[in-house]
């Protein structure tokens, strides 16, 4: 009995999709485009993330020691630093090493140091960040923590531009979050509403079914499978659109160097996991869009 | 089977469609409901299968008090009641066959049975050749017969038919009335609303006459109607 | 006014609804089309107002050859033809008044006139009190009368009525036939498809009988029908 | 006659919106959310643009002269540079001036230069960019052009980070363009399709009107105004949503410092012009969605 009903729901969902072709196509295209937007957003977001993460990975924190701290004391501090989870590596650079490095790095300017009587460079720790700490917040947190150590004179991370970049990336990330959140909400509404309209277009039939003595869940069944199928078809369409654009349109766009000379920037596609999530989301939204809508027309 | 006591039905604040109807239709009876257009026949029938709720009064159908019926139980009530709607109410997106089958599906008929019974009933109303058509591709009379087939296909305890012959020629109408009579003989309670006085007279059944929301007569004597409607007709038994 | 020669109409590859119909309805005539359910009456009428195109044969309506009519000209043809559809085809989202008014708006009636004429025609069919109702809040017979009112409101040259009394009691049906007769007297060509042989007999007009897509008789003698339909009826002039 | 029809179309459009309340609300919400996405995207895009434009404005190009070019010859070159539209200002920095600047800027490292016998610094032009050239492409074009001059030894714009930033911004801009384009297309589809579904739900009435003898444009009229009104209402809803979020939700989000410590980043809203464009777009899409759809059901 349950099996018979279930197979009826599925059969009937497919039949209805086929029968109401215009409506199905319109709904599926709408859902497809809505999910495509979301997918495109995810692609952009994850690519920006990837690019900036690469940069962040290069960020290195340098902590300068106060004058007059012995190498032994420095060793002590190093051990303490090591206890921080954010820190993956600590290299001690003594004053002498710093001077050596300077002369070798600036060989052409070696004469600048020729007349020196005293070594002007401080000793320092070069701190490498652990994988988890390679993000803006963690870096800033670490820097703030290090700033409180009395043995350290100053903490510097990367060059000046890193700071600007980190701020910018923070903004970008926040904006991405906001945009993504809005997108998510909007797309849920769009898909659910589209399915609602398809149900609305057949409100008369719903009433008839109820008058014949069908229970609500028996009436809902096929509409739910139909909503689910519409959502799935829309999701497939969106993935198809994204894949198509990624493979055929993007290379052409990148090749038209006149506008964006970005031939060499590799943009990655969504992961299979993400794609599966999109499908699942489409199906769920279709399903719940139907669910919320059908009940409305069963008040007879 | 159906017992109404002092039913009042309002549509909107100042229009009363039924003004105190009391009647009792016994199990296995065959009753006609007549009356002029707008008298409240359809409204009365809608009360029975709970499409409309009474504002006042009580209705008992098959022992259940409809005013106390939970919304969730309405479908189970309706499964015992076959209805031929005045406007047919066929599902336009389903074929004739699927329309009939839907009524069987609702009550959980096994698959094999469904097909046989659908065929059977369509043959009875003379539409076996239209089995795969869609309702909008049928003539008015054909649609009406599909509606009748759907109403009787699952052998309901009560059959309600609202103007079931309005789009049928006299010959087919007689056949349909024969079908209803046969179902009636098998034990179904039948309530038919109609304007067709010819049929009412020929069938010689109990007749309830509504006028302006009131029950103006309720009689088993068809002779009482011989002089109304401005037409004098001599009735002979059907030849077809 | 309406001339058909050898009209053939196919629905799908192997079903012919009309099998060579030839007829001529003169300006100002009043014609009944009868025949059993599924005979092709509605299909025949649909040809006249171009809802269906003939597969073969020619139709001339008001001098125009419909097979040569451009799609854009169809609305102008239809404005001269009032149609009472078998399934009413009222606009459910418009009130009774707006439904009637719409037919007037289509032909560009001035605002003031519209109101007066709509009132007028609704009074004629006895529905002035339902003027602000919506079609789905009307009884079957009331809906049918709105459909009739809409068809006649703009004084069409041709009036087509498909089963216009199927949901009406005899008294109201007679009134409606009186209305059609009156419109006919004012010069309108009237074509009525009906199963109601009582009315056909009483009106004493030309009757075209279809059976299975063929025209089986076309006569002005109502006596010819006295013995059909399996019922013998003695007809007296209407008293109402 | 025309006036009568027009007023009928408008009246009827409003009446229909009111009569089919469920459908209107669903459609307007859908359109509203679709346009909201676009609006939110525009806000994000224009803010990112604004932030990065500030940075770009600080970009200064420095062109180093080859050794042995006299001050007079440099003057000649300066004049030629001046002819470039991209260049708003050119300041000549002689070797002596460069040395002076170095010593004053690095006062604490002055001893570095104490023992010098020769000035190691080259002469240079500090080039300010004109307003139109303050963008990534123009800067790169200018740098490429300058690199071809034989008198110049090297061209440097800003510091190292500027290059990374410019590349990144280019990518970001391209991605923004792609996303924006996709969004635009998708939203046109979504809105048009939503309106189509509302028309589909009333396909029966369209057929009836045609059977009564109404011409196609007479039938379309009210549907077009209705589509237009739905689009307009959706656009107003989207603007309302955006404004609401901008004024009430964003401050709260910024205040919840735990997640994003961005209290001080001012995000600007859409310009009035943009808002008007959104309205216009909503109305147009509603109108054309209706237009494309209604015809489909007038084949009787």
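Chains: A, B, C and D, in written order; residue numbering restarts at 1 for each.
We take it that a residue touches a chain if its C-beta (ideal position, glycine included) is under 8 Å from a C-beta of that chain, and two chains touch if they have at least 3 such contacts.
The shown structure was predicted, so the numbers you read here are calculated from the model rather than taken from an experiment.
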Intersection of the contact lists for chain B and chain C: none
Chain pair with the greatest number of C-beta contact pairs: A-D
Farthest chain relative to chain D (centres taken as mean CA coordinates): B
For chain C paired with chain D, centre-to-centre distance based on mean C-alpha positions, whole Å: 62
Chain A-chain C separation of Cα centroids, rounded to whole Å: 66
Intercentroid distance (Cα basis), chain D paired with chain A, Å: 21
Shared interface positions of chain A, touching two or more other chains: none
Residues of chain B engaged with two or more neighbouring chains: none
Graph class of chain-chain contacts, one of line, ring, star, complete, other: ring
Full enumeration of touching chain pairs: A-B, A-D, B-C, C-D
In the complex with chain C, residue positions of chain B that touch it: 11, 34-38, 41-43, 86-87, 137, 139-142, 144-145, 162-163, 166-174, 195, 197-198, 229-234, 236, 238-240
In the complex with chain A, residue positions of chain D that touch it: 22-23, 26-27, 29-30, 33-34, 36-37, 40-41, 44, 47-48, 51-52, 55, 109, 111-117, 120, 159-162, 164-165, 168, 170-179, 182-183, 185-187, 189-190, 193-194, 196-198, 200-201, 245, 250, 253, 260-262, 265, 267, 296
Residue numbers on chain D that touch chain C, as the complex places them: 1, 4, 8, 16, 19-20, 202, 204-205, 208-216, 218, 300
Sites on chain B touched by chain A in the complex: 49, 51, 72, 74-79, 81, 83, 85, 89-93, 102-103, 105-108, 110-111, 150
